[in-house]
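What follows is a pair of complexes built around chain A, which joins chain B in one and chain C in the other.
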Partner chain A sequence: MKDSFFRSMTWLHTWVGLLTCWIIYVIFFAGTASFFRDEINLRNQPAIHNVQAQTDRVAAQRQQIIKGFDYLNQHAANSPSWRITLPEERIPYLVYGYAKPKEPGQRRSQFVNTQLNPNTMQALPPFVETKGGNFFYRLHYQLYYLDAITGRWVVCFASFFMLLAIISGVVIHKRIFKDMFTFRRNKGTRSWLDAHNLSSVLALPFHLMITYTGIITLIFMLFPYPALTTYDKGMRGFFNDVTPSNNVTNNAQGSADLLPINTILDHVYTKWPSADITRVQVSKPNMAASTVTVLVSPAKALRDQSPRLLFSGATGKLVAQTDDELSSSKALYESLNSMHTGRFATPLLRWLYVLGGIAGCVMIGSGCIMWAKRIRERNKGKASFGLQLVEGLNLATIMGLPLATCAFFIANRLLSPTLAGRGEKEVTAFFLAWLVVALMALLKRDRLQWRVMAAINALACLSVPAINALTTQGNIVSYLLNKQWVLFIFDAVFLLFSILFLVQTEKLRTASSASKKTANNLTNNKKRQKHD
Partner chain B sequence: MRAPLHIAPFTKTNLAALLKVAQSYRVLVFLRFIIAIVGGYAFTSACISLLSVLLPIAKQDAVLLCVSISILIYAAVFIYAFSVKSLKTAWSSILLSTGFFVAVLALLKGWL
Partner chain C sequence: MIDLLSFSLCLFAFNGFALAKPAHFKTVFTTRPSKLQSNLLLIVSWISILLSLLFCVVTQQGYGALLFCGFMGLSVLIITIFYNFIEKLIKPFSFLNMLLIGSSGLLLIVNSL
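Right after this comes the complex of A and B.
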């Protein structure tokens, strides 16, 4: 398009990046939070704060499943389906659930869940309704207030543009190694460029991997055509071929008692002696056509789909199972998916994922701020509509998301536990706080406004652990003393961000007085307004 | 401000002005984005569909492999569309090759 490949790519990098940076910022922000989905779920649900992790978690599973079948047989022998969800490393409680018969017009039947403390097998105090980490998870790949499919298409194309920005960014980058060690402080746009380069280059493999694999998670929506041309029955034919356990049809009529679950578990443990079972699902319990599906954790394998065995509930015969060995194409596809979700990650690796995500946020944020600064310098303070729009979106996105997140967590603690539609109200708090920032950005976008927003964010981050201490029984000190690490780290992270926002407030104060000084010096020579 | 061309009747001078507008930077950038996004999408779809039919491995493996590399192809075509100097080359090469893939696919699948 331009005279040289290099210049074309520079142009492409700027425009592709600028067009999508805000939506990509939201996706990266929510995605980073989603690595702590289970931890956020735990934090937002005070009923499970005091559940101790089991010392013999895997060994206790057989008894938990047997008790679950007894319980469900007593309470819901004729329910359309049962689900026993066992505790996992990051999820400390046990759930026995059964479906209520589907009401007309319902797409999925409603589940009645009983949550138990696996150590005592006593029912836990009633759960409050909360969106928890699932909010960030869904926001990450289908946005909100949008039809889910539309949201996914938007996310898909935004991610694709991000991938193009990364590739063109690498092409236009001349000194990739040197920049890893370059950061020039307090040098105006130069410093922003350094911050942009540093955050991009240091975590480059992560950025490439997470963006590419992110699109792969939605690939059958984006490119269904190979499956459509290869299979006569289209997508359904393809998915039935990939996961045979989806395609089990048992037409046996009449009722038949469920086989004792112990027999089925014997099969499972013979096949996988150290199986870490995550879930047991029963469809049509106590019918001749019943099936029992046992899902086990893929553990450290790069496999996104849980290995599973499917039995006939009446005869105990193994009906279907996932592949023991994946073919190389399947292994490729599964590993791309599981690298994105990072479910296999140990705590250290999980934190590396999060640091990569934060580096991504810095990369995107510094990129869009740098563009605005450069144009403003070039135009000598005169702001076109486009520049004002970019500056407004920068402020609204970068300072608005943290405040919205704080509002979400504060709302979780302040809303009455019995309030109907409570989860939805948490989300409303999130978007209301964001709207306020956006409106403020509409009024003014100067340095003072950034400073005000930084101060508000510092206060908001501080109030998350403070309000938690006032409204629940624990606080950051008791978490430390009781070794409740998840809750302690959650509060500590908010305190850390509060300090960072304070530093930012302070920086913007000194910087604004400094730039005023230089501006005054300049006015002696020529009448020039300070550029910020 | 340009005169509202669509109201004026078609004359030779008008046509020249219209062509001039069509050459303007914004229109060129827009056309470049269209061929990159839509053309790239069509090219990738046709290419991986054909590949999944041709690959001599199990059907499900062929599909999974093809979708796994689809984004690589799409990104390459996108960058190609922006790096080629002439817009005409970008359009013709991408559309012709897409047409070729679709034609071969149609022959193989007996759609014609």
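Right after this comes the complex of A and C.
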């Protein structure tokens, strides 16, 4: 019984892992990059490279909001909505934006944004169109070139498979504590197994947490039935119920001047004296039905939805607000969500999340390589179609994604700033680079091909900071001297990966010459034996 | 400083867990540990890791448990590198680790006075 249970778990672990490992690798890779979504946005937008973080950020917020209202009243008094986005710890600039009236058939209004340096209150140079970190964020949970809902379903199923693989992996790893700190070098598949086990065990709590909470983030798509049976309007009704919305002034007719924002801010600071306001939204400004929504940062609380207050724009009366004390179910959902995103994590915790993400990539990558190596050994070098497919997908995914990422960042620097659809072209560069690697993997998947890809990746990683230095005013040295840590670390990470890929190229070269020597020795020995 | 103390306690705990294993103990001290030594190492390591968890949760509130998980991952990675690639440096590393615990703890006490 025990043996058959162990065997079934091994079978389960192998197949749930193998069937989805490449898609899970993409999800983990993009998710890991998404932890630095704001930093990637900053790097991809040269206009904000020299904006210094405000020292008295929270204290300056009141004046920034008042000036924003004056600006928007002057430039877009009749716009359907306004948005003032204040600088945050990881977002150094200020945005005053207003919506253009919707065109027929348009789902969402297009915003006209003016970005300002909060230290000088001067407008920043025009922003270039870029997908930035949002590309990796969307790729992480809804993939790309797929309908959003279909993409999310694929990610959901992959996450379920991942969860099954983790649990069955813990069950079959008999020596989980005995082998905890063990890595046997140069032992063929044994070394791959050690790498797989080690990367799984060292971040096991992270892997479990991130996979489980990942499923929870999409729970209303997976399990909508309680909401569907309770609310007449289905999921929409449910979301309306849990999001504070304006039911008071919605039907008011005619125009009415906006109340001075100072009055509304007084209310906010009375309720939350040390409020760190992140955004102010005004709907239907200068109308009787207008509302002013003030969103504040939840700071260190495990809460995904920002606490907010909704005021009538005409009277200044508080019309709705988020709950101060969350119900237990809402608190559970919000805490699991914010654990997954790590949105309010400190820089230290953010790096530890990234470490967990990298461990996840190593775990998945070593798992699929190990499977292919074992089957090749078992078949004594002969490769079936299935094995060739797995080997090809391994090469395309593991070596293709880093190259595609480099292509994305290089395209961001090389594409003309005025090019129409520039953001989408960065994404095209990403997928084209990946496609090239996939085609190469289709032709050949041997050690030489891995070596070539490692060398190409080393060069590509080196190109990212090099091209940045040639196309912008800064470079890794100036970033270090000017204490522009985000930009410095970004370039340094690419240089580090370039070195790692070079080491891999060299390792693969010595490994192939060693195996050639062994093969030659074996043939010579056989010849000698025959001769004797 | 409290984060440094929590992390060094976590690192110390995993170093202890590794040393409690006969094979790793032999790598460092060229002899196998006695039953008493193994048990002592395990007890000290458990106390150290629980202290690390306590400091993380008390100071970081909601994200404390996550920070602790991150510290555990990083500690296991560092210990594995030392025990598999740079065995000779384990003794100075352990000494440095203890020094770090002592100095960060002392600084915290001084700051709170």
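Here is the rule we go by: the second predicted complex is superposed on the first by the 507 of 532 C-alpha atoms of A that agree within 3 Å, B and C clash if a C-alpha of one lies under 4 Å from a C-alpha of the other, contacts with A are read in each partner's own complex, and residues count from 1 in each chain.
One rule holds for everything that comes next: a contact is a pair of C-beta atoms (placed from the backbone, for glycine too) under 8 Å apart; a residue touches a chain by one contact, two chains touch by 3 or more.
Owing to the predicted nature of the structure, the values given are computational and were not obtained by experimental measurement.
Student: Looking at the overlay, does A:292 come into contact with chain B only (first), chain C only (second), both, or neither?
Tutor: After superposition on chain A, A:292 lies in contact with neither partner.
Student: Quick check for you: in the superposed arrangement, does A:363 touch first (chain B), second (chain C), both or neither?
Tutor: Neither: A:363 stays clear of chain B and chain C.
Student: What is the contact status of A:342 with respect to chain B (first) and chain C (second): first, second, both, or neither?
Tutor: Once the two structures are laid over each other on A, A:342 reaches chain C alone.
Student: Which partner does A:230 reach: the first (chain B), the second (chain C), both, or neither?
Tutor: first
Student: Contacts for A:433 in the overlay, against chain B (first) and chain C (second): which applies, first, second, both or neither?
Tutor: neither
Student: When the two structures are overlaid on chain A, which partner does A:205 contact: first (chain B), second (chain C), both, or neither?
Tutor: After superposing on A, A:205 lies in contact with chain C but is clear of chain B.
Student: Which partner does A:163 contact after superposing on A: first (chain B), second (chain C), both, neither?
Tutor: After superposing on A, A:163 lies in contact with chain B but is clear of chain C.
Student: Can you list the residues of chain A that meet both chain B and chain C?
Tutor: Residues common to the chain A contacts of chain C and of chain B do not exist here, since the sets are disjoint.
Student: Chain A touches which residues of chain B in the complex?
Tutor: That would be residues 32, 44-46, 48-49, 51-53, 57-68, 70-71, 74-75, 78-79, 82-85, 87, 105, 109 of chain B.
Student: Which of the residues in chain A end up touching chain C in this complex?
Tutor: 178, 180-183, 185, 198, 201-203, 205-206, 209, 300-302, 335, 338-339, 342, 344-346, 348-349, 351-353, 355-356, 359
Student: Mind listing the chain C positions that touch chain A in their complex?
Tutor: Residues 3, 14, 17-18, 21, 24, 60-63, 66-67, 69-74, 76-77, 79-80, 83-84.
Student: List the residues on chain A that touch chain B in their complex, please.
Tutor: Listed in rising order, the residues of chain A that touch chain B are 1, 3, 5, 8-9, 11-12, 160, 163-164, 167-168, 212, 215-216, 219-220, 222-223, 225-231, 238, 241-242, 327-330, 332-333, 336.
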